[in-house]
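Below is one structure, written out as structure tokens; comments come after it.
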Amino acid sequence: MVPASAYLFLSALLFTLGVIGVLIRRNALIIFMSIELMLNSVNLAFVTFARQHGSIEGQVVVFFVLVVAAVEVVVGLALVVEIFRWRETVNIDDVDLLRG
Amino acid sequence: MGLAPYMLLWPLAGWLICGLAGGRLAGRAAGMVASSAVGASFLTALLLLLGHIGTAPAQGAAGGLDPAPGLLVPLFSWLGAGDLWVEASLLVDPLSLVMALVVTGVGFLIHVYSIGYMAEDPNRSRYFAYLNLFIFSMLVLVMAGNLLVLFVGWEMVGLCSYLLIGFWFARPAAASAGRKAFVVNRIGDAAFLLGLFAIFTALGTLDIPAVREGAGGLPDGLRTAIALLLFAGATGKSAQIPLHVWLPDAMEGPTPVSALIHAATMVTAGVFLIARLDTLFLGSPVALTVIATVGALTAFYAATVALRQDDLKRVLAYSTISQLGYMFVAMGAMAAAVGIFHLVTHAFFKALLFLAAGSVMHAMHEVIDVRRLGGLGRQLRWTAGGFIVGALALAGVPPFAGFFSKDLVLEAAFALGLSSGNYVPYALGLLTAFVTAVYITRAVSLTFCGTPADPGAHPHESPPLMLWPMAVLALLSVAGGLLGAHLAGEPLLRFLESLAAAGAQADAPHPPASLLIGISVAVALLGVATGWRLHRGRREPALGVLGTFLEQRWYVDAAYEGLLLRPGRAAARWLAGTFDLGVIDGAVNGTGRIVAALGGQARRLQTGYARHYALGLLIGGVILMGYWILR
Amino acid sequence: MLSALIFLPLAGAACVLLLPREREEAIRWVGLASSGLTLLLGAALFAAFDPSFGGMQFTESAAWLPALGVGYSVGIDGISLLLVLLTVVIFPIALVGSWGSITQGVKAFTAAVLALECAVLGTFLSLDLILFYVFWEAVLIPMAFLIALWGGPNRRYAAIKFFLYTMAASVLMLVAIVSVHIVAAAQLGERTFALERLADVSLPPASQWWIFAAFAVAFAVKVPVWPLHTWLPDAHTEAPTAGSVVLAAILLKMGTYGFVRFAPVLTPDALVAAAPLIAGLAIVGIVYGAAVSWAQTDLKRLIAFSSVSHLGFVMLGIASLNLQGMQGGLIQMVSHGISTGALFLVVGVLYDRTHSRQISDYGGVAALMPRFAVVFTIVLLSSAALPGTNGFVGEFLVLLGAFRVSAWWGALGVLGVVGSAAYLLWAYQQVMHGPPRAKHPERLVDLSRRELLVFAPLVAAIFLIGLYPRPLLDRSEAAVGVTLARLQRPSVAAACTPPQAGLGLTALPKRCQP
Amino acid sequence: MRAPGGLPPITTPPVEIGLILPEVIVLATALVVLVADLWVGPRRRGWLVGLSLAGLAWAAWAALSASPGVGFSGMYVRDALTCAGDLLALGATALGLLVAPGYLKRHGLDRGEYYFLVMIAGTGAMLMAASRDLLMLFLSIETLSIPLYVLAAFRRGFARSQEAGMKYFLLSTFASAFLLYGIALLYGTTGTTRMPELGARLAELPWSASGSAGAALVTIGVGFKAALVPFHAWAPDVYDGAPIPSVAFMAVIAKVGAFLALVRIFPLTLGSTAGEWTLALGVVASMTMVVGNLAALLQSSYKRMLAYSSIAHAGYLLVGVATGTAQATSAVLTYLAVYVAMGTGAFAVAVAVEREGDEADRIEDYAGLAARAPLLAAATALFMVSLAGLPPTGGFVAKFGVFAAAVEGGGPGGLALALLGVLTSVISVYYYLRVVYVIYSVGEGDPPQGVRILPCRMLGVALAVAIAAVIQVGVLPATVTSFSGRVVELFR
Amino acid sequence: MEWGVFLIAAVVAIGGGVGVITSARPVHSALSLLAVLLSLAVTYLLLIAQFVAMLQVIIYAGAIVVLFLFVIMLLHARSGEPLHQKLPRQQPLALVFGGAFLAALLFGGLGAARPFAAPPEEFGTAQQVGAALFVEFLLPFELASVILLVGIVAAVVLASREAPGRRKEGR
């Protein structure tokens, strides 16, 4: 049987990949996808722990994470579209009017 | 309370009237008010004296002029804090009465003289207000029953001196001179103040009778210390080395002021102080030696400087310093009564000399440089007469007043030599007597003899209002010696016998009086003759380097300027500029600048790139997790 | 009664704010009326005060922040009485004194001055440490306002420096206050910031030291004790006349008052131990202030540094920890308030006429303004501590007190007496004597009737205190005695429980152990 | 009824409406406003605000009268902290509503959705205070945050507003992921997400890396909302770019929610393992105070200066959380109450001033304000003085409470924090008083060009309320402190 | 067998993850994301979470990725990434601290791992999840509905075309 640590290892790895993606990519859409990656790795951790504890809570959480992720994607994409409409860029580094 | 407070009230009232009424007092009104105030004060003092003598037999054991012990007149309690309790009080005793009489008497004459002298000055009511304030302050000083009250008078006469020296403040020299006088006096006052603290710390009181009483019980070292501190105070007020420098400059004031304050009364306060606390000084041989030595040195120094001064008033000023030195020699020689006697006679003849000099200035439109005078004896007969009487008294020519007192001083100095082996004061005193005769003869010669330096000047004799006081003073200068002459029974000295110094003198070995008198007379006459020979016909023999040295007052003023004043001023500028603004304030502003710089750095962290922010979040998160896990 | 005294000016300020800003005359009179009423109330207080009792009188107290044991509690003793008296006298004078010079923003100006009076009175009358701190800090705001809005060309810098410097020093005091409170809570079993309750607390020596240091720094900056003085010249120089007057006359006394009021009660051992240090700094301040004054070219700066010197005397008196010294310090506080306040008014008179503070721009003014010259002379002599004026009484007692501790203290302190005469007379000569030098002599008109009225009470006070200081000394003596008696208290530090034991009311364990 | 699959029926438990009544009322009001907006004409949108305020008042009444208890399977708790959170959030929401209309109208943004979003965010903050479960907390945070993204980007077509929304959204979701992972780890360690049980089990365990890592990750997530350094970087840019009314609201509501959650998490849930986090929180608090105040020092933009100032205030608040005693917690609540008033007030002032038709965000734009709008100027000055923590304003009482609690309950570390706190407060005085100086400076050059003062009645009401609160707490603090003192009962 | 499935799923997931963050074109990233999501669904099945796996496929893979693709298409033209890096030090720092973070995460996460016990009956079924959702998680469930509503309103507000006063601004 595959132990919990294997799943958790995978989860941590995916989360880190997501983090690095957010940090090194400039395309807002890819950054969003990286964040989705992070959320999914969280889900994996929750499901793993649910299995470990034999409690259903961890699985239910996934549902809520899904909902939130969906809403965030909607809002985020709306923002990207809006910014693209005015600045014609999805490069997050170009969004740098505010500083100091 | 008796009459004593009224003596003070008169000039106080005069001051208030002249001061507040100000310009509304037309013509001579201010002078009249002021003079009558002082006159009233003099009469009160006289009444007090008579009363004092009158009550004496009832109290004293011996009859005649034996003085009553001092009468302490409390006025009001001034201040108190803990065990300090200062009662503003007056002390009526022979010493204070003698001083009060001199102050009010000479003061009255000079007030009257001033009416004439200042007739043209627009600010004369201010002048008379100051003058009355001075008389009041001086009376506070001499009548004080408490050392702190004495100190009040002490400082206030200094103030009046400042105000009067700088009376013509539009002249920078006058203003500076006044300030110099005040500040130099303050140095002495500071020492005086420390002396007071020491007295209070040791004795727990500042009442003069109690201090006189308790002084005997003090340990030697402490007594010496206190005595030296008080003497340091006295050197300031009485212009002794090293604090003498203010007095010559003080001649910038109106001449009657010089006569009253800087010759007759205020400058003698230091002498008075020592007489006042004679019991304290007597117990300290070290202090006495110092006093006698400083006095003698000052006397000699000032006399030599007076040899080469061109300003007639400055000559008189140095002469005053020199004569004050004599008084201190007497004090140091444990002959307080003699010192006071010389103080009194000096008050007469020096006031006379100054008034005469003032009369000259009045006649010559403020010219006082002897090189521009000459031959005035013919035009200004009365003035010249007065001056010459004063000069003879100063030179110590018998039978003028100065002869008696100066002789007694020298006698006392000789006695000091007998008892302690220290003949320096006597020797210097004798030498000074010679020099004195020389320089005053020179002054007379240059001013009144020979041909006028400025033929165009047409001097007119001063008005009677100025001459009469001079006449009275001349009379006193001639006859004043009787107060202390053996022939007349030494009334003043006996009156002052309560002074312990006078009593102590009795135990000392008696000097050969007649021999000493002879020497004195000889020296005085020799001096006059020398002076006449040297300066006859308004000649001024070249003395080369020595002459310059004397003209430059032994370079003392220059040394003060160069070694103290200028470096001090530079140090103050450095402190105010470089140190205060640069270092201390620089540290403060530097802190501010560092914080501001940090603020700028903190702003730079906010680059505007969201990815930087995310990285920052990650880094913070990693550190936080690391700490939390590995803790 | 005390609350009425404190808040009457504030009520006046509120009235002023309700008036339309165009009605400047009405605003001025309302301002004067409320500070005048405060003065009357203060005078009544002075009359009703019982000199024989050294404790607090007319006390009032109420809960304010009960959760923390903070109370509104005020009271007066002989020490605060003198300073309250000084305050109520100076403020109307400052107000009237600025009628001629403040023409813009009269409303805000008057309100700020009145608010300042409220805060100052509160500072002097608070018996609760937090209340004290509140008033102490509240003083800064209107004062900084006065400097920043009606000040000279460099006013912004000066105001910010004044504010930040004094505040930086006093926030540490707040922490110290809380620490005292915590020890007190452990020892007394109750939460309190009331001074009289805290008097029963013995702080352990180690914390006494740093608590004393925190208090001392806060007070020392305000005094200001050398070398924490550099805010003062800038603040004084840039402030408008009324601001300078109040700053010099009253605000500086808050620092010295703090030393007298709190250090002997809360940290007696540390105070005794630190007295030589304080005296040393005081002496340096005396001499340094005098020397630096002498080198100034700006009249207000000169007076500011003279304050450093004069306040050095106060600190020296306090550091002597004996009756004469402390009494002298108190009288010197009052005297300095009067004479330096008057000096700033004097400079204000000149500044109003020529708009220059530079000494070199003047000369020979005495001839043009004889009445002014008389006033200036009197004020100057008072500042130079001439006997017969108020300045002498204070300095004499201070120096006597210091001398009794150590002859050296006295000897060095006396240097200040010489120094003050030197620089004051020097300045006076430059400004008033010599030939007239002003560019526009016609502007130098003599004192107006209003200005004379402003100076009259100050001159009267100068002589009154100088010649008969007994009414003041008698009233403060008992309180000073009580204060000094605290220093004799045997040190109970050894018997003290360590501060860690049973702090706070919560059951939570201690955190953050090192 | 049985489903075809033969599954047992799901019996939903009774909804404990009494517990969540305040939240429900606000939510209902929000929905009513959203719907009513469709019928209300543009001129009568004032009614919407009135309606909302009525709803908020009703909710406040409900919060005060609701009885305490735990419900919804232990997900929700109504106690003193909840009640305090409700009132704080309702107050902030009410002020947030009042501040907006004038601005929205001027900039053509007057839409009912704005009020809806404000009230939803308010609900989120209320729920954050009431969450007894980490998942519930996560959802509450999202309920708070998502409306705020929109509010930040509400000025459509304006690059700065868009950028604010974008940055806020991006970083917030990033932080949310960390938070979630933290919740997952805590869940994995203890098998539960209910806070009290979780705290109890963590205390039983000797030490667990996963628990520590989880707690750290949760701290990142919540600390982000509270704008704690180093998770603060979004705040200056977002506050700078977002429309002023939004900023006035979000700066305050986010702090209310985040700090109530922090209080819930740290002293209340993890109180028994306090040694693990006091130092960490103390260091974070120090950094927050220092960076916030230093960066604010040299700002030339009023909004940006206030943004950094809000970071600094988060630092002061965190001092109270890190101390963790009942007294400190009570002080945090008092602080929040004062901050709601002065924070909103300070931003709200800027709503009334505009330069050339746009926001007047340079500090110089306020030069001479005192001459033109004395009341507005006085209000600004008061808020600045209060933010600086000077007596006799509420800001002083707030700071004093926190620092006193830190000295009292925090040992040497607490003393150090208090010292750092007071010293950074001194630094803050500089930039706050600079504003006051600019406002009151007379005769220094001409008034800035094109600056107009635009009074608005509702804004006036908001300012008046804020002023009253700041003065009230400053002069008679007992009213508020005794209320926040009720949290002591939570520690028994 | 289980290991085999897991390893395949894990490799695909990791590969997909790397693909997401390294693909030059957003479309490739989206497809990589899809691969991750699907392989995660497989691991959910291994973890006895059938319902969750179903949700994963339907909602995530079905809805969210489609949304991404839709937006990518909408913005297709200039959505590539410029070569010019404005933040040169970002990448190395991200890798370093990402690695450190991974270490911390592993150290913390793996510490929580315990051996799996036999799962309770009906574990992970839609029935059980649904029951929990409507009983235990009733309040969060209601709250989720609020969040969804907010999402809708947000989208409306942000995307509505009636925005007035539109103009570009900047410094």
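By written order: A, B, C, D and E. Residues from 1 in each chain.
Keep in mind that, in the parts below, a residue touches a chain if its C-beta (ideal position, glycine included) is under 8 Å from a C-beta of that chain, and two chains touch if they have at least 3 such contacts.
Given the structure is predicted, the values throughout are model-derived calculations rather than measurements.
**Student:** Give the label of the chain whose average Cα location is farthest from that of chain B.
**Tutor:** Chain E.
**Student:** Pick the pair with more C-beta contacts: B-C or B-D?
**Tutor:** Between the two chain pairs, B-C has more contacting C-beta pairs.
**Student:** Can you work out the whole-Å distance between the CA centroids of chain B and chain D?
**Tutor:** Chain centres of chain B and chain D, defined by C-alpha means, are spaced 79 Å apart.
**Student:** How big is the gap, in whole Å, between where the Cα atoms of chain A centre and where those of chain E centre?
**Tutor:** Roughly 5 Å separates the two chain centres.
**Student:** Centroid from C-alpha atoms only, then distance chain A to chain B, rounded to Å. What do you get?
**Tutor:** The mean C-alpha positions of chain A and chain B differ by 97 Å.
**Student:** Give, as an integer number of Å, the spacing between the C-alpha centres of chain E and chain B.
**Tutor:** 102
**Student:** Using the touch rule from the top of the page, what residues of chain A touch 2 or more other chains?
**Tutor:** Residues 8, 15, 18-19, 22-23, 26, 45, 48-49, 52, 57, 64, 68, 71, 75, 79-80, 82, 86, 92-93, 95-100.
**Student:** Touching two or more other chains, which residues of chain C qualify?
**Tutor:** Residues 164.
**Student:** Quick one: which residues in chain E touch 2 or more of the other chains?
**Tutor:** Each of 86-87, 90, 93-94, 98, 101, 104-105, 107-110, 112-113, 136-137, 140, 144, 147, 150-151, 154, 158, 166, 168, 170 in chain E touches at least two other chains.
**Student:** Graph of touching chains, which shape: line, ring, star, complete, other?
**Tutor:** Topology of the interface graph: other, matching no listed pattern.
**Student:** What pairs of chains are touching here?
**Tutor:** Final set of chain pairs in contact is A-B, A-D, A-E, B-C, B-D, B-E, C-D, D-E.
**Student:** Quick one: which bits of chain D touch chain E in the complex? Just the residue numbers, please.
**Tutor:** The contact residues of chain D facing chain E are 5, 7-8, 10-13, 15, 20, 27, 34, 72-73, 75-76, 107-109, 111, 113, 116-117, 120, 123, 127, 133, 135-136, 139-140, 142-143, 146-147, 149-150, 153-154, 156-160, 165, 181, 185, 188-189, 208-214, 358.
**Student:** Enumerate the contact residues on chain E facing chain B in the complex.
**Tutor:** Listed in rising order, the residues are 86-87, 90, 93-94, 97-98, 100-101, 104-105, 107-108.
**Student:** Any idea which chain B residues touch chain D in the complex?
**Tutor:** It is residues 595-596, 598-603, 605-606, 608, 610, 612-614, 616-617, 619-621, 624-625, 627-629, 631 of chain B that touch chain D.
**Student:** Which bits of chain E are touching chain D when the two form their complex?
**Tutor:** Going by the criterion above, the answer is residues 104-105, 107-113, 127, 130-131, 134-140, 143-144, 146-147, 150-151, 153-154, 156-158, 160, 163-170.
**Student:** Per the contact definition, I'd like the list of chain A residues that touch chain D in the complex.
**Tutor:** Its residues touching chain D are 8, 15, 18, 22, 28, 31, 35, 38-39, 41-42, 45-46, 48-49, 52-53, 55, 57-58, 61, 64-65, 68, 71-72, 75-76, 79-80, 82-83, 86-87, 92, 95-100.
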